[in-house]
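Only one structure is covered here, and it is reproduced in the block below.
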Amino acid sequence: GFARVDVAREARQGLPEVVYGSGKTPEQVIAIVRTLLRHNDGPVLATRVDRDVAASVLAAVPDGSYDGAARLLVWRPAPSTGFGVVVAAAGTADLPVAREAAAVAAATGLDVTTVTDVGVAGLHRLLAEQDRLRAADTVIVVAGMEGALASAIGGLVACPVVAVPTSTGYGAGLDGITALLAMHASCAAGITVVNIDSGFGAAMAAFRLARVAGRTT
Amino acid sequence: GFARVDVAREARQGLPEVVYGSGKTPEQVIAIVRTLLRHNDGPVLATRVDRDVAASVLAAVPDGSYDGAARLLVWRPAPSTGFGVVVAAAGTADLPVAREAAAVAAATGLDVTTVTDVGVAGLHRLLAEQDRLRAADTVIVVAGMEGALASAIGGLVACPVVAVPTSTGYGAGLDGITALLAMHASCAAGITVVNIDSGFGAAMAAFRLARVAGRTT
Amino acid sequence: GFARVDVAREARQGLPEVVYGSGKTPEQVIAIVRTLLRHNDGPVLATRVDRDVAASVLAAVPDGSYDGAARLLVWRPAPSTGFGVVVAAAGTADLPVAREAAAVAAATGLDVTTVTDVGVAGLHRLLAEQDRLRAADTVIVVAGMEGALASAIGGLVACPVVAVPTSTGYGAGLDGITALLAMHASCAAGITVVNIDSGFGAAMAAFRLARVAGRTT
Amino acid sequence: GFARVDVAREARQGLPEVVYGSGKTPEQVIAIVRTLLRHNDGPVLATRVDRDVAASVLAAVPDGSYDGAARLLVWRPAPSTGFGVVVAAAGTADLPVAREAAAVAAATGLDVTTVTDVGVAGLHRLLAEQDRLRAADTVIVVAGMEGALASAIGGLVACPVVAVPTSTGYGAGLDGITALLAMHASCAAGITVVNIDSGFGAAMAAFRLARVAGRTT
Amino acid sequence: GFARVDVAREARQGLPEVVYGSGKTPEQVIAIVRTLLRHNDGPVLATRVDRDVAASVLAAVPDGSYDGAARLLVWRPAPSTGFGVVVAAAGTADLPVAREAAAVAAATGLDVTTVTDVGVAGLHRLLAEQDRLRAADTVIVVAGMEGALASAIGGLVACPVVAVPTSTGYGAGLDGITALLAMHASCAAGITVVNIDSGFGAAMAAFRLARVAGRTT
Amino acid sequence: GFARVDVAREARQGLPEVVYGSGKTPEQVIAIVRTLLRHNDGPVLATRVDRDVAASVLAAVPDGSYDGAARLLVWRPAPSTGFGVVVAAAGTADLPVAREAAAVAAATGLDVTTVTDVGVAGLHRLLAEQDRLRAADTVIVVAGMEGALASAIGGLVACPVVAVPTSTGYGAGLDGITALLAMHASCAAGITVVNIDSGFGAAMAAFRLARVAGRTT
Amino acid sequence: GFARVDVAREARQGLPEVVYGSGKTPEQVIAIVRTLLRHNDGPVLATRVDRDVAASVLAAVPDGSYDGAARLLVWRPAPSTGFGVVVAAAGTADLPVAREAAAVAAATGLDVTTVTDVGVAGLHRLLAEQDRLRAADTVIVVAGMEGALASAIGGLVACPVVAVPTSTGYGAGLDGITALLAMHASCAAGITVVNIDSGFGAAMAAFRLARVAGRTT
Amino acid sequence: GFARVDVAREARQGLPEVVYGSGKTPEQVIAIVRTLLRHNDGPVLATRVDRDVAASVLAAVPDGSYDGAARLLVWRPAPSTGFGVVVAAAGTADLPVAREAAAVAAATGLDVTTVTDVGVAGLHRLLAEQDRLRAADTVIVVAGMEGALASAIGGLVACPVVAVPTSTGYGAGLDGITALLAMHASCAAGITVVNIDSGFGAAMAAFRLARVAGRTT
């Protein structure tokens, strides 16, 4: 009734549909997850799930696990593919979004490292992580406020950079709109951007990259 | 004097700095291009160059070529890497941006195919191109107005999708802002977005992808 | 005192004034509904009514019914006119708005079918419903995020399409503003748009259509 | 090459694709119009065509006519269907948009009457036209500035009302954005809205209405 | 300490400073009101005061009265000046703002009549009040949504019209911004506008008018 | 044909309709002006008229005069009523708008004084004009940039203050939007605001005030 | 783990990193404060700390103090430098921000005086403080609504003026955006602006000034 | 007549009023400059003056000089004060604004060095200039696009940083609004911001700093 689960997505795109948990009842999440587990073979994920909803769902559908910091439910995580993703978060306020990105990417088989609190107000912190950043196959940059970290990293590394603006900060930050616009206007060439606070979107973009790089099935 | 050419960029990112021609005099373009040709080995490009400026520059710096539709000057184009990029343009008004994307990508060694006039108002046109889109290593979607093509293609293909909102259309299109926001709010997971009208940005993003996919030097 | 009920609206427009329940006390709703029932003959509706207010009103004014999902109170629903409306909702988050549209349309005598979860990220789901959509006299498209479903359906069917942007989604969705703008900038010709989250407005537009099509009294 | 004419649109939607002339060369318009005339049977239109482009196109493609006020080219106009559309323009500055609406609607077989300069600052002018408005099958309201005419007419007539915000006015009118938002927020129920300055869009919406009302083939 | 009461305002502008109650503690309101009562002779008002704060203040400062609908505290109301103000509210949702305007105006000596639920969706309701509106010395128009009532009244009456946009409505109403912009873009000449939801501001504007019209001391 | 001149406006509002010259041909202005001169008795004005259009109109319609700085055409100016208006302009860039306000007000019988270059960056200039401002029946404040002059004058004088935001300035001034918003958010009570650059609107508001103050016929 | 404290900031900029308390747990604040106290010598501050978090932190880290009005925690406040800062607040609603500015500035060794309720609606209050303002080494202006106080003070004093827009007010104040834009568009030359509600930012700017003026170590 | 030159500004603020040349005729500039030269002793400047206007003014008022890149006219430049300002421009497109800042600062007695093309996309270029930046008494950062340079420099230096957003770039840069907002949301503490493209405003802010630092008369 309420949903038309896209069970063909796995065949089309290499990954089952991911459940968007926000606003769904435990019963709705349970029903969709069961359908996906039955008709698909790969990892089944539900994002933006609060702790109490997660508990109800895990009680009903066995073999899942919950990452509270990422607000993510996972069944059948993918084995590692060796595709290296560095998630770089500008400040501690950006961590929830960084964790969603990291957890979703890990559940789909990417090798994730997280680098935190490397905002451009103290460039030495970022420069100290240059080697780790340059060794990545893809960097996901998570930054609110003015989003300048995306430009700085975009100029340091050669690999794909996916920028996630966050709604942290206040006033002129406009709940992430300023960071989103700034990342688009960035002077560093070839950076791409996803929606505000969408750690999920960035991880999905990295998954697409990993596939084309031949390191996922 | 007026510029500090980043000649180390080729070592850092695999491609020399690209000259942003808008607002520069022929003399300025000539000086920067000469510096890049001298200190770097790879392709040298200048974007957003009008026909008359292009003529002056080509007269002064030998062995370049000009693509008027893309407003691009190129010296020492890269040999083909076999990384397949499909540039899909929603309507004929989006062609100038699509051509900039295609020409920059080609000059950096990517194999480009262009698919035009596949807007979602006539889905059969898009569906008729499914095989070509699915065979791509990366799809660059160029669309103005409501930008819905990015969502439709994002759901059809498994590879990375880089969306370029364009400033075509009028009224509620807000000179590309509506398409940019809509592409970010897209229901298709893992799409990434670059700046309005930035065919250049999309091509640079594809170049980063190609490198990580191991198909460029 | 507080209200000047437009009892002449039924004579002017074929339907009594509809009560906008938001912010009204049960006493106010009761008073207006009684006035409408007394001075008019057709269906009497109150929208945006919460469950507890609804209970008080139903207790005071007999023969009404309440649809909790649509938050709608109805007295004297109109008999069916045979005018077929399909309400197509992009995702499960759009269901509350879709249900308001469906319930208001049904109460005014239209024949409503609802099609859910047909977002453009999985076009096959939409294409599978083509026949049902093409058989409609009018399609109401309910979609948040980027609103692309309106363009896709607008290109598939020949009948009137009324698009309702919803405030679902986050970040760049701007609480429905992005979908509203995108639907206006749509590349599909002849689509019309109503206010964000206004299932009511779309149903009223469909009622006007049904009248001119000669299938209502 | 540059275009993929949607020649199947006539079968799907009862009207051939309409050419958007803005930004197209005479050669492009000529090529598309010829394709449409050859593969379709119904009226062929090109909107937003300037006088000099129109002259070149008419010289190359026989039997067309040009309406300079509407900036419209038409071949094979449809015979009258008897479906009555009133185009009501708030002020003289709204006339170009009103004329596009009227000319496109007439070319597709609708019976158009135009009522001008009936802005709400002098309500008696509007009230004097009530009978004509009430006799319409559909009213297209064309208004800039604050767009209040749409609410006033929406409350007077029972038939479908399609509102076109225009970019006339200055300052707080925000080039039509204010009128567009105001029309959406209208207190008159069941009004629908199209893009700023889109007389074309309103006419296409009316054409869809006429079809469902059974008065077109 | 926390405040520098402008006790000279009465001498300068004919009315003591009005206390803005929002965010002030009962103690702060009490202190300021006492200062004003002591140093000034005219009416002392505090706006935006919630019921519980009002109770505390009235208990501490004798001879005041509280109007809950207007959220206004008043001491020493001015005697009537005979200057006639009509407050016209578009819908029932606009009543709180209308009541603030009416109560402040009355407390400063204006003769206030309130006309409610005269929105333009049912013009006959407005036209039925024409005589009352035309007899006014000033009309305060309170309207949310699209704010069209200001234009309609602006064209009907010859006296000053002060428009107050309200934050009622949803979606495209943008919390009153749309009504504010629309009232400024109004086609009716000589309308003036105050801040969103500022019944207070409109009443103060009317007070200035009454003074210049020679009917206040 | 193109216009429906509101010749009843003079009876309704004490002043004939004013022609909005922007975008009108000389022929259109001539026709409307003739109609107004024939059917009305009071002053006939046309605003926003460029010098060359003015010359053609004056040649065709005798006894008019043109004020180039105000871009205003006037026939049959009203005799003085003794109602004193001070037009205060913040800077020299605001003069064109100030002159439109002054010329329209004078033509309708108000006694106008203009005070220029009294921006708040040099308060002594404003304070030096206090007596003149306090003697006014109404002050029209014309200011761009941050519009602070409206607040300063609003606090100095007791009479009605009509603020006109102007589009002067650059960057964060947002073509007058910033001044318009700032004037609404002003801390000075009872200020009212008209549209950006609308010297005309402010003068019309003053005319309404003068009427209610009993000093016009 | 969660944070990379920038302990080198004191060496680089003369002041340890300031902890941004918003959204941090007491444990996180405690850990960072301990690190800063251990590795740095100067004042350690945490801003935007609620009363209950403050209590937990003070219990765990000795010798700190909490200023509830400023929501600031301080350890090792700097000795006075003699650099005189006047914090001028427009209204009482601006006091929380003014207090953050004053408390941060004092903790870093500046000599702070606070002047309150000097909004431009009563210029005499501001002029009465002229001497105190002119004696300052720097003025921090804290103002919401239309922000006009920044322009007025900018024109009165010769020293640096740092303006802090606040989110006080309603409607057209747009939560501080209007004041921010207005302060930028100010007609007073050489004013600088910091983020909305950022008393902290203004104090930090003043600290930088004091250092260059040679009055801090 | 048209201007009220603020000749007391020099006494109040240490510098004569600066003429804003935009939109002024040569005659107007000449008159104001003569007044300032006569009544004041310090440097007289006119900003935003085009080459042809400059020529006329220089011919009429002896002993001035014109800087075409800065569009600045100067008479009686101030002797050097030894206060060191570094103007750092992100890209070559930002040079016109940087030059206005540098020329105005120099004319008021500051010692200016300009550092160009140090955008964050190539951080080594910026780091190579660290010593020069750290030696400055004040840094003026001129940057368009995403404005990230302000954050990077704000974290490197201890002195005051005045950021000037520029309108360079396209699309999401929103003509400088994005850079302005981003600079306000910056993670580097104590940065202040002036209006878009206002090299003048930044120089004036630096002049105020220099005065308080005791290095100007």
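In this document, chain identifiers A, B, C, D, E, F, G and H correspond to the written order of the chains, with residue numbering beginning at 1 in each.
Simple rule for what comes next: a contact is a pair of C-beta atoms (placed from the backbone, for glycine too) under 8 Å apart; a residue touches a chain by one contact, two chains touch by 3 or more.
These figures come from a predicted structure and were not determined experimentally.
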item	value
Shared interface partners, meaning chains that touch subunit F and subunit G	E, H
Subunit A and subunit F, separation of their C-alpha mean positions in angstrom	57
Geometric centre distance via CA averages, subunit F-subunit C, whole Å	45
CA centroid of subunit G to CA centroid of subunit H, Å	26
Overlap residues in subunit F, where contacts from two or more other chains coincide	91, 121-122, 155-156, 171-173, 180, 184-185, 189, 195-196
Chains that touch, pairwise	A-B, A-C, A-G, A-H, B-C, B-D, B-H, C-D, C-E, D-E, D-F, E-F, E-G, F-G, F-H, G-H
Subunit A-touching residues of subunit C, taken from the complex the two chains share	91-93, 95, 116-118, 121-122, 124-125, 168, 170-173
Subunit C contact footprint on subunit A (complex, rising order)	1-6, 8-9, 17, 20, 22-24, 28, 165, 167, 176-177, 180, 195-198
Residue numbers on subunit F that touch subunit E, as the complex places them	12-14, 18, 137-138, 155-162, 180, 184-185, 189-196, 200-201, 204-205, 207-209, 211-214
Complex contact set, residues of subunit B against subunit C	90-91, 119-123, 127, 144-148, 151-152, 154-156, 169, 171-174, 178-189
